[in-house]
Amino acid sequence: MMALMLRTEGLNAFYGNIRAITDVTIRVPKGKVVSIIGANGAGKSTLLKSISGLIQRKNGHVIYKDRDITNMSVNRIVKLGISQVPEGRQLFAHLTVEDNIRLGAYSYYNRRNRSVIQDRIDGVYGMFPILEKRCKQVSGTLSGGEQQMLAIARAFMARPDMILLDEPSMGIAPLVVREIFNVIVNLNQSGTTVLLVEQNAKAALKVAHYAYVLEGGRVVLEGLPKELLDNPKVKEVYLGG
Amino acid sequence: MTLKKLLIIVSVCLIGFGLCISCGKKVEKDAYKVGAVFSVTGRASFLGDPEKKTAEMAVEAINKAGGINGHPLDLIIYDDEGDATKCNLAVKKLINKDKVCALIGPSLSGLSLAVLPVAEKNEIPLVSCAASYKIVNNEETGKPYHWVFKTPQSDSMAVEAIYSHMKTHGINKIAIMSGTTGFGASGRAELLRLAPDHGMTIVADEKYGPKDTDMTVQLTKIKGKAPQAIVNWSIGPTQVVVVRNWKDLGMKNITFYQSHGFGSRENIKLAAGAAEGVLCPLGACNIAEQLAADHPQKAVTMKYLKDYKDKYNETLSSFGGHAWDSVHLVADALSAVGCDKAAIRDYIEITKGFVGQHGVFNFSPDDHNGLTKAAFNMVVVKEGDWALTD
Amino acid sequence: MEQISIAGQLFQYLITGITVGSIYAMVAIGFNIIYDVTDIINFAQGEFVMLGGLTMVLFHVSFQIPIIIAFILTVMGVTLIGILVDRLAIRPIRQPSVLTLIIATIAVSFVIRGAAMFFWGKNPFDLPAFSGRNPITFYGAVIQPQYFWVVGFLIVVVIVLSIFFDKTITGKAMKACADNADAARLVGINVNQMIMLSFALSAGVGAVAGIIITPISLMEYDRGAMLAVKGFGAVILGGLGSFPGAIIGGLILGIIESLVAGLISSGYKDAFALVVLLCVLFFKPSGILGNIEISKIKRF
Amino acid sequence: MEADKGILKISELVMAFGGLMALYKPDFVIRQGTITAVIGPNGAGKTTLFNVITGFLTPNEGTIHFRDQSIINLKPHEIAGLGISRTFQTVEIFENMTVLENVMLGFHTKLRSSFISSGFQLPLTRRKEKEIKSKAMDILKFIGLSGKWNEPADSLPLGEQKVLEIGRALASDPALICLDEPAAGLNETESHLASSLIMAIKEKGVTVVLVEHDMKVVMDISDEVLVLNYGQKIAYGTPEEIKNDPKVIEAYLGDDGAYA
Amino acid sequence: MMLRISKYSIFFFALIIILFPRIASNISAIEHYPDIMIFAGIYCLITIGLSLLMGYAGQISLGHGAFYGIGAYISAILTTRFGWNPWSCMVIGAVITSIVAFVVGAPSLKLKGHYLAMATLAFGVIVFIIFNEEIEWTGGPDGMTGISGLTLFGFPLNTVERYYYFVWGIVLAVFIFTVNIIQSGSGRALRAIHSSEAAAMAMGVDVSRYKIMVFTYSAALASVAGSLYAHYLNFVNPSSFDIFFSIKLLIMIALGGMHYIWGAIIGAVIITFLNYEWLHYFEELEILVYGAILLIVTIFLPQGLAGIPAIVKHWFRRTLSDGSR
């Protein structure tokens, strides 16, 4: 059995009185990419937000490295090594690219490790040369793809053990989507565990080691990407029966 | 359940309020009740605060000395906060609920004018602590209102004192500055009204708000008009700031007159040396030490000065004395005629030679103020203290 | 008799206007710091200024503490009060609508004002000018040395704040909270801490404004409200959330008031300044440097 | 009624937010009396399209004709007055009113009320009010909520809130009704009910345009399907055609070569 | 939740209004309360309009003290300088104020949030300065005296009791009028604007027209209140109409609960009594206590006092359902 990075047990989450996900149980093994696919409104983003702590109203369990983080605050979860790349990027739009990146390492800031952080910034620039070119630009003026890269770069600055990606391909031109998925693969190869939520099922399945299909807030299918790709049920989930 | 707790607390508070209201103030049966309304807090606290303190001190002294013919004096003081509505309600409450024999206050001219019809209608003597001559002069009849008196000198007296001082010093081209408060506006109106009578030419008429930070602009404009003197009419910090700006702008060659509102030594101190040479008209109580030993007011003013300093550890302002005068005027009437509203009124109206803090009062049916312009002495700031001038 | 030229007068008006405007600007900056992080307009901002002035008087004049130490102590003290305001008044509000927060900050201003009246009484207090009271004459205009301190401190505050916001990670984190609170949480920023910090900072800036203005205009317990109104005007005129806007707004208000008082009518100077403000708003609904995007979110 | 007469014609429409093209020339004609579904992946511009049609957004370029009248640059309430009604993705019922009042507000375009007339409760106002009330009750019957007419709207479960929103939109007697995700967040029974309600609306002769993610609903009820991706029209046809259109499948499931 | 206002509650309200002076006159501790209630009633007129503007249409105003003042000063000037009939002054005041409100409101209501707050505040300050400066007309800071009282059908309203019934009669009428608005087409539109501006627009509600309409209506009410004030006190001065009064109105609305029309009445009455009567016992600490009470209410009752029944009901319901589980 592979070491588990994160698992959820019967997780339910609510928006007001509306239950957005129901009894979701998933496993994310260490060092792997796990994808969660499903149509719009299936509860994929809710699942990610419940893991990262942005949604507080929930029951069930989120276990990270054998530690129950269900009711922890977001900043503590971040410090434990989970970074989220939120849906719609959520950049600090009025700040520069470099400031966005720098703030990604906020939890690690102190006087002593200034050089460490500079190293990390350089590392990130190595991964995303385009961001280095734009480092003084206000992030709100970047193109969609660049913003997505910046969002990933920001999350990566915390050197997380696990990164949660929410719809990285949304609103991005197909060519750039390819680039973004390359980055995801690179991230994973450098040792980061990835939990990916995607509507773009084919792309998501291609990079994943394992995948879950969500519909109506429940896990309706799970399996190896290859099996799911050929499963007609997947198409049904998206396009109806 | 915090909410439940809260509800309990709120209801306890409300019940508490109710109890407070219902218990009211315990009064011995034979006490003489007198009501007072001062602007203790709010925009006119410079008037009401010393008035309240003085009145409380005066009543305490009277009661310590055995009260009025054995009756303790119960002074019920309400704070009107400079608010017309609150003042009106307070006066009516004193009349109808507290059933007082006479009323003292309010501190502000506007509010005195506002409640004056209430006193007239309810036939109760009211001794105002505000300056405007309109309080004791019914414009329609040209006579005083029947039930209303006032102890402060009218603004016109202060203006007359200033103008005559100017005349003797050959000044006839002046600039005026005033705060946009009731105090400033009524002083300004009197300055404008009386100027032609005294041959004064007003070359500038500038204003500033009660919370303005700097009056350099207005003074610069005046400087450009080159008057011989400036008269400033305001209260509170602005009257100090204006003096400082006057000095900073190097306008010492333009004589600076302040209103009687400047009459606290604290102001000289706050002016940080800038007040040297500033002139102002002051009542006797502000210059008690300077008065000649045989001055009729020497004794009362010195005692007041000492008692006030001992009790509150504050310097006297111009205004506390008005409350002293009012309280003692009413107390004298009470001791003579008891708690009979009409009799009190009649007694005050014929009071002569009453020695108060701001002058020797001689009331008459035609004069419900009882003072002349002699009640003001022109004073100059010299070496950080008042000095009498001619 | 010494005369003053028209040019000299104009110059004097301008100088006074800049000084008074600098104070408004500083109050406006205080408004902005809190607004940026929390979307709250803190109507108790003027009370911080008042507290700054009166606390300085207490330390420097009453306790005879040397001016620099007294200055630091005062700023620290008022900063602490800013933190308390956040902790005791703002954070406990469970359903913070814009109106609730406005009322809460007004309530805070009453409490502070009431406490100040209780503690200091109603009389004004003076503070010695930092470098004496010997005015400098310059092109016919007279400049009090304290004017330089006022403008100087405005510049210092602006520089310090821009360094803080542009160069330090904490400053950037505060800006990040203002920009996108959820994202700020996701990078591990404690948003509540940043809100507290914003109250602390703006109280500190308010205190500085209070300290430097007291030698010019004295200080008493109820001056805060008027300063808050002027500062609020400045911040709206410049555009909510914009620091350069706050400074421009403050200076414009100060200069208009001064010029109108000198050239048109001293009684109507405040009204004139507000008419200008209204005209600006009618043509540019988000102030001179404001951002529509920011302003359109707020409803009552 | 002519079935194939175009009630809404859209051409050359461009809507850009900053650099992002939310809509880029998705030309199409909605035929009167049909149900047209607008589908597409997240961020394809569906809701933007609704906002442009109903006047909440002013497009950068292009024309929109409703019954041969240009409705560009009209304010939302004016467009509503012309007979286009809508619902919202996030349920926007008036939670501070009762169920009945919600529907009654739908009659606003038919009601010329002023403060004076309503303040004094003039006879005409009262009569009008009564009339509207009974009409609103009819609508509640139609949507199956008449039993809950006097309940506060926010006490309804989500499914009923959505239905109520549709009822409210119907009250203004629209010729065209735009439904933004009527089935989102509903369970199976509820979404089934919503489907039959939409069919019933069509029976009444009202043209329906809906944005929907629940493909079962879309495929069941729509006559026509418009597929958007990146703000552009990529397909238009019957549900069957759409289901098997490779471009649509690619848009939804992504393209194989999305990464190297 | 906006509760429907039933006929019974209005009837009950009327009953309280009628009985209050009778009860008060028999209890010596509160025998002077009807006099305070007159002012509370006058403020109620303003807060009812403001509640419609703020709680229902979602717009803030920090300038209603000015409309109140314009009404009062028009009454004062026309009766004292021109000897006009007070009733016509009241009507003229309301008409002029409505025009001013329309002229000010049309551009201002395009502003949002704090910008609108500042614009209305600026308007309030400007009007205050005019009251203060135009001494020839307004008497300046000292104000104007000698404003004639009201006479109704030859029956002078010159006692507390008469004026009480007169003012509260008007309050009741305005309240019913306003409730009628709220519970009719226009009111639905306003509530719709408050709940969701977008949905209201989509249903054909002309949002900006309604905003201006409600602004003007509330200003006219304030003007009438001003006239009532001037004719009762026979005196006006500028400081009764300054921005701090506008803020006090805001406090009344918030404390009472701005989403409830009852909140306007509760807030106005409670704040009036706190200011004019109850807090008197704290003397110099009054403002501190006032601030503290206000803060406590905002923290614990963000919906205001009128929201208590809803909270109690909610709490009651929850305990019941917990118990049954």
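A, B, C, D and E are the chain letters, set down in written order, and residue numbers restart from 1 in every chain.
Here, contacts are C-beta pairs under 8 Å (C-beta built on N, C-alpha and C of every residue); 3 or more make two chains touch, one makes a residue touch a chain.
Computed from a prediction, not measured in an experiment: that's the story for all the values here.
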{"item": "Set of chains adjacent to chain A and to chain E", "value": "C, D"}
{"item": "Chain B to chain E, fewest steps along touching chains", "value": "1"}
{"item": "Third chains touching both chain E and chain D", "value": "none"}
{"item": "Identity of the chain that, by mean CA position, is farthest from chain E", "value": "A"}
{"item": "Label of the chain whose CA centroid is most distant from the centroid of chain D", "value": "B"}
{"item": "Centroid spacing, where centroids are CA-atom means, of chain A and chain C in whole angstrom", "value": "43"}
{"item": "Centroid distance [mean C-alpha coordinates] between chain D and chain B, Å", "value": "72"}
{"item": "Length of the line joining the C-alpha centres of chain A and chain B, rounded to whole Å", "value": "74"}
{"item": "Inter-centroid spacing, chain E versus chain C (mean Cα positions, whole Å)", "value": "32"}
{"item": "Junction residues of chain D, two or more chains touched", "value": "none"}
{"item": "Multi-partner residues of chain B (at least 2 other chains)", "value": "41, 180, 207"}
{"item": "Pairs of chains, among all present, that meet the touch criterion", "value": "A-C, A-D, B-C, B-E, C-E, D-E"}
{"item": "Chain D residues touching chain A - in the complex, by the definition given at the top", "value": "19-20, 41-43, 158, 181, 184-185, 187, 213-219, 230, 243, 248-249, 252-260"}
{"item": "Complex contact set, residues of chain B against chain E", "value": "1-4, 6-7, 17, 20-22, 24, 40-41, 43, 78-79, 82-86, 88-89, 92-93, 96-97, 108-111, 113-114, 116-117, 132, 180-182, 184-186, 189, 207"}
{"item": "Chain B residues within the chain C interface of the complex", "value": "41, 45-46, 49, 180, 206-209, 211-214, 216-218, 220-221, 223-224, 226, 236-237, 240-241, 244, 248-250, 253-254, 266, 269-270, 272-274"}
{"item": "Interfacial residue positions of chain E with respect to chain D in the complex", "value": "1-2, 4, 177-178, 180-181, 184-189, 191-192, 194-196, 198-207, 213-214, 217, 259"}
{"item": "In the complex, chain E residues that touch chain C", "value": "54, 58-60, 107-108, 110-115, 117-119, 121-123, 125-126, 129-130, 132-133, 243-244, 247, 250-251, 254-255, 258, 284-292, 294-295, 298-299, 302-303"}
